[in-house]
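Naming follows writing order (A, B, C, D, E and F), and every chain is counted from residue 1.
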């Protein structure tokens, strides 16, 4: 069977498709425009390169020289425009010995964690009966944290650093650390006390540390 | 345990996040841009205030001095930009004695109604076997109307006004009142007759009342 | 134009449709079967009545004779099978004088609140920069709380009760009260301390009140 | 490069996959179980055959020997289990000379129509300002009808039959014909009058034709 | 019952709605702006006409004078702005005698095909166990091809042309023809060989025909 | 402020919630029931333990002693019931020196890859203009592969093994390897030739290797 004219078919097809200025095999974020509820407008397909699908920013460990001896390095849509519209993103966790990612939620996505190095104790709390589920994870172990539920990660190895990658079912899952939400802003101490039942002294102490006012 | 350096961690985290010009904890509608299928572009987060989450327009009763003695006051995305992207909106129903919200559908959302005052008889019609489901609701009673199905609300109290709030599973559920769709436009009488089997005289009578032409 | 045979058409149509045992104009939950990620299996349409679209359980105030002088009464899928598959549910808030709904999130849905009686001060905290948005709401005022974000409601009226209805963009939005997640289970005190930076004494005090162990 | 052992890789892969009893490349409906909000449970993949992807029921014209000289033949999930979970279905329209598909909506899906034979005049009504959009379509012409909006189709050819295929963005879009919803059930005449402003005589006339009671 | 003032109600309603500059009964694509993950921004509703819901481009057969004796004519969002936001599109297949639509996938949508003329043999391959499902379809027969799975269509009639319409569960399902992906670009021959196990000579032969380089 | 009665509130809340037999903070798959389009039915919450959120199966390298010197080890819903309903899953890639994951697609999900060890050259092909995007990735580098598009991964390190984790925006993204779809089943050689333009000899050669028939 001769194939000489197959090219004609493909050109015809391309001609049809070319009247379509934009395609949506993918939608690399154009961060210069405002996002909408579904994400950012797409970069023109003619200017997309292999670099738009690529992100180097997780190759180096985050800086863990802080009180929690830990770092979260995100590759969400704001950092990595290639995830726009894909319902997916990733981040890197680094936990120095004793390090901890404090209790937090991701308001807009579920999380799947895989341990790359060391030992991590992780837990989540259901909203139903407030049940706590805690596991100690070693290299290669995987754990999921359903959307919006409080959870934490702790380096439970003895004196060794830990590392994990966490992926999310959202291009921008958000990150709400309970302590920062309570103590690192101008949330009036009286309202914090009223809505958490914490003692005022405790609130003021943590506000002092975290730079909260009011 | 000392907490002096926790602030460092949070600043590191903020620095990472700040390279992300927009966050999507929420997406307050910027009504000055055109919407897309998922809603309006988001207002810049730096200019969002508490007022963007707030809507006062349902506090007063709608004007029921009209033939149906009823009013629908919407807080959809066009009126309340804070619902943009949330898949949720609300409206207020006021029904004077004898008032009625005529047969209608919401093409883009389901509805949940709660009675605040008075007595309301509400009904919906399934598309399967055209079954009619009718209930009389008193203060605090709740009823749901699945997406796209014909339904109505009537003040069935004796001489007292009725009020309800209705929430929708869409930031803009739409509202298609059958009578208005048929009789308040230039839908040619002949076509109305052909597609509804109504008598021409009946059509002309209602067109006369509602301002329809053709 | 004669209409004598229109009935034939409709019967033909019904015959076609009747080969379809189940329709999905709606999907009233059959709570006797396990749910899946999208909700419960549907009750047979032949046994659906008007009562399946109706819920009376929010008509009476919840019991506010407790320390927070408040009550949340839900009409989620477990209580109100009619919301199954609709992406919508509702609840009633009652706040006696001084009442408060403590800081909490809904992991699976956004919320829209309308005040029915009294004065409520409500606030939410964004995950981006931990900004606090607080408004005082009066009768008829509306406020939205985007999915997964920490928020609270307080009766800020002087000596008068407050009431609100809250609707959700989910048939089961969940409710995770931070205090209960931390102090009303067997979450080990040491881990609570490590992941929240709260003092052990504070944790033990609240565990004592809320019945937490460990 | 030798390829002798590629089979080993594939067998390894299959072994891994085989521990997964069910796959979801597709989800042929098992109509013997109740549906849920997302559709029917899937038939076991081992019993799926080519016939599950195939439907013959649209090959013959529907019976148009009725007053509207028209027929709608659906291939929704109830008739064609292969569309389950695909967000897609199809139906066939046959319109004898003078035939009409009366004003109706599809509560759960948008529609795309392509004319196969004859001439069809179709229209839709927006909910915003009740604007009517009417087009006359010939063979090969396409028209869309957005979800939930009232629309109709009429054979506007002179004495020739018309045929169309209509596809939907749902496995079960529903079909609510306004006339049947109003006049082919036990919807009390008084309530029909109150909620549609139609004259009682008109209602009784159409109820008589369509078999409605009350 | 008098109807004189019904018009007042409707005007009040319109006034409320008019504060909402855009409605989303539909969202005709404005192709002059970049798309986002959910589609194109909407054309202003005031400039929408009946022509926006209409597409004539499938009325004529595609040019099948090419080696595969076949043509695909799409009515996706780029060609037919009316499908924007509807999760639906359509295309026309023309297959001259011996014509074939080569093995391909639609990365972003499922497909439903209906034969209009002739005989088509179509097949799809599951990802699970690589099972092949093949059917021969005649006029009026329907077949579905689930999202992302490899499939093909062949004119298997004896010397007669075939035609079909294919609808998709996406406004832009995409079309990836395996041969074009492999042989009609600068995909290095060495990498094609390594990732497909095809012989280099075979790759070079098809690259020659289809205009591929490297 | 005294806290003695807070427990009462929580008990009241639990009582309300307990009338809800099932909660959906999460939906651990009950693999003993058939799945539906949205996933498997949920395990009873009372029998959920921390192990349901945990998966150990990716800790060990897959067996790469095969012709492609590579292995894909999935943690999809069939292997890891904890991902059910979360729109998320993960897999492990092991590539011995010279190893390759042949050209393939995931019909139901997008992929994000992070390199754990070694050097991987990965590429994807758009459906629009068949453009090839290729990148060489080192430890910690990230690349995305949009849903349904052909892509591949090759160990391009000199003599060292490579490892990666790949996450997906689906609990069961599927995996369709082009070679297996063509040559590892009973797809008739004549049809393979007709729909791919490969030479019969080439097809028979690969069928021989992969165990295909017909």
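Assume a residue touches a chain if its C-beta (ideal position, glycine included) is under 8 Å from a C-beta of that chain, and two chains touch if they have at least 3 such contacts.
Going by UniProt, the chains are A, B, C, D, E, F = Germin-like protein.
Just so it is clear, the model here is predicted, and its values are computed rather than measured.
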By label, the chains that touch subunit C as well as subunit D are B, F
Of the other chains, whose C-alpha centre is the longest way from the centre of subunit C? E
Report the inter-centroid distance (CA atoms only) between subunit B and subunit C in whole Å. 19
Chain centre separation (subunit D, subunit F; CA means) in Å: 34
Just curious, how far off is subunit C from subunit A if you go by their C-alpha centres, in Å? 26
Scan subunit C for residues touching two or more other chains and write them down. 3, 6, 17, 23, 25, 33, 36-38, 40, 107-108, 127-129, 134, 146-147, 149, 174-175, 179-180, 184, 197, 206, 209
Select the category (line, ring, star, complete, other) that matches the graph of chains linked by touching. other
The chain pairs that touch are A-B, A-C, A-E, A-F, B-C, B-D, B-E, C-D, C-F, D-E, D-F, E-F
Considering the complex alone, what residue numbers of subunit A touch subunit F? 1, 3, 6, 14, 17, 23, 25-26, 45, 48-60, 75, 80, 82-83, 86-90, 92, 110-112, 114, 116, 124, 126-129, 133-135, 137-147, 149, 165, 167-169, 193, 197
Touching subunit C in the complex: which residues of subunit A? 100, 102-103, 105-108, 121, 123, 125, 127-132, 134, 146-150, 152, 154, 174-176, 178-182, 184-187, 191, 194-199, 202, 205-206, 209
Given the complex, residues on subunit C that touch subunit D span 2-10, 12-13, 16-17, 19-25, 27, 30, 33, 36-44, 84-85
Interfacial residue positions of subunit A with respect to subunit B in the complex: 31, 33-38, 62-63, 65-68, 70-74, 76-79, 107-108, 172, 174-175, 177, 179-180, 184, 205-206, 209-211
